[in-house]
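Can you keep this structure in mind? I'll have questions shortly.
Every chain is named by a letter (A, B, C, D, E, F and G) in the order it is written, and numbering of its residues begins at 1.
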Amino acid sequence: MNIRPLHDRIVIKRIEEEQKTAGGIVIPDSAAEKPQRGEVVAVGNGKPLDNGEVRKPEVKVGDTVMFGKFSGTEIKVDGEEVVVMREDDVLAVLG
Amino acid sequence: MNIRPLHDRIVIKRIEEEQKTAGGIVIPDSAAEKPQRGEVVAVGNGKPLDNGEVRKPEVKVGDTVMFGKFSGTEIKVDGEEVVVMREDDVLAVLG
Amino acid sequence: MNIRPLHDRIVIKRIEEEQKTAGGIVIPDSAAEKPQRGEVVAVGNGKPLDNGEVRKPEVKVGDTVMFGKFSGTEIKVDGEEVVVMREDDVLAVLG
Amino acid sequence: MNIRPLHDRIVIKRIEEEQKTAGGIVIPDSAAEKPQRGEVVAVGNGKPLDNGEVRKPEVKVGDTVMFGKFSGTEIKVDGEEVVVMREDDVLAVLG
Amino acid sequence: MNIRPLHDRIVIKRIEEEQKTAGGIVIPDSAAEKPQRGEVVAVGNGKPLDNGEVRKPEVKVGDTVMFGKFSGTEIKVDGEEVVVMREDDVLAVLG
Amino acid sequence: MNIRPLHDRIVIKRIEEEQKTAGGIVIPDSAAEKPQRGEVVAVGNGKPLDNGEVRKPEVKVGDTVMFGKFSGTEIKVDGEEVVVMREDDVLAVLG
Amino acid sequence: MNIRPLHDRIVIKRIEEEQKTAGGIVIPDSAAEKPQRGEVVAVGNGKPLDNGEVRKPEVKVGDTVMFGKFSGTEIKVDGEEVVVMREDDVLAVLG
């Protein structure tokens, strides 16, 4: 995927989790809440600071991250749905 | 197009995409949502910082960029519709 | 017009454009939206920065500029209607 | 008038303008909108900056200035109505 | 009164003014608006700045000051009603 | 009480005042407004500044302070009710 | 638990307290308010400052902390419920 997020943004591909109700019934994608977990597929150059420097991003391509339910903007690139968000919206890096 | 956006603003020409419904019916422009993809046609001198310096823009004329649905202001220049927005409203550069 | 806008403000004289409906009917001034284009007739000394310096304005008297619909404050000077706004409300310089 | 506005505030005495309707009828003070023009009667020491310095005011006593409709606070000093506002609320200096 | 306001706060004792209606009737305290004039009875050490320094207050004990209608917090100290506010809420020093 | 408030926070134990109506009737605790006066029982290391330094708190353990009605968060520690607030929410130090 | 919170965030495992009504009846988990006390299980690298440096966190893994009712975001990691929040949302460290 040929995309470079701007400044301190990153691009994440959501990791689908098979969601089951307590009774074991698989919840179809459309009804389930969107997963808040995904893989980082692109990172920007970093956040431009007021003193003219740029702060490198802490996350890197390939990291599995968790993020808030309402974070980021959904976009389609080469037919694939991804989420673009500020690095600071990432809650944590897993693994 | 002879226009110089001020400070950290850039001017984008939207790239129309033929939008089809799932059944293949072409959605007329008026009904379709405005594309969030476009080509950069002009960039400003950059963002004036509090320390008196100016931060050069990261995007350049000719870049294809993606931006948020509600970003920028529509204006008409030489009869052409373009969008003027802050560089920081650009989500990512494609290609 | 003997007026000096304060700090980073500028004074703009709107450029009236004859507005026609699609059918060619001229829309009287009162009904038409106020033009978002105008000529800069005065600029201030510039924006005072937190470090005590002053940042010179980028636009100059005589520039034709575009600005947002709701930008600035209408005032009357020597019987003439002009708009006073922060330089940063200017979207772009034309020509 | 023995008053020293604090920090970056200034004190303005409104200049009453005889307001007439299009038909030439003089509008009594109470009905007319308060004039947004006035004479500077006192200025403070200036705006204290985060680096500990103080930025001198740009306007001075005796200047005729224009300001926004809702700017400042009305107070009575020695029986006279004046307006106290931040210097930055002044739109422009006339003459 | 043994009180030290914190940081950039000051303590003010309101100066009661006998308020009369146009017809000369004295308005009882409870009905009249609280006076926006008072004497400074205590000042703090000053505003802590981001660079670690402290900015000394401009007003001093004994000054008569004017302030906005909704400024500050009413408190009772040794049975006396006073107002505690940020120094920056003071509009001007009188006399 | 073994508690260390974080950064620029402090812990205060409210000082109960016997509240009487004008007619001398003692108001039971539940009905009375919570006292806005209390003793400082713990202070944090101080406020971390943007330049990496830490600003020491001005109040110290044992001070009697006054604070706003809605300041701070009530918590229970070792069965005792205390209030945790930012130092800057303290209006003044008494005595 | 293999999780690294980003920047100035920390991960907390809530400490369940058996909650009883005044009459000694144990309140089942679901009805009781979530405890505002927990153990720190992971801390991030610290808060990136505007001058490019990073401020180390004050709390450390193993600390017992108190936090506000509405602080942080609930997430599930390896089947366990934890809360991710900014370090600055922690009110105090106990013990």
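What we mean here is this: contacts are C-beta pairs under 8 Å (C-beta built on N, C-alpha and C of every residue); 3 or more make two chains touch, one makes a residue touch a chain.
In UniProt terms the chains read A, B, C, D, E, F, G = Co-chaperonin GroES.
Not measured: the values here are computed from a predicted model.
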- Query: In the chain contact graph, what is the shortest path length, in steps, from subunit B to subunit G?
  - Reply: 2
- Message: Centroid of subunit C to centroid of subunit E, CA atoms only: how many Å?
- Response: 41
- Task: Could you please state the distance in Å, as a whole number, between where the Cα atoms of subunit A are centred and where those of subunit D are centred?
- Result: 52
- Note on the structure: Each of the following residues of subunit D touches two or more other chains, namely 50-51
- Chain ring listed from subunit A, with subunit B in second place: A, B, C, D, E, F, G
- Message: List the residues on subunit A that touch subunit G in their complex, please.
- Response: 36, 47, 49-51, 53, 55, 58-59, 65-66, 68, 87-88, 90-95
- For subunit F, which residues count as touching subunit G in their complex? 2-7, 9, 11, 42, 44-45, 48, 50-52, 73, 75, 77, 84
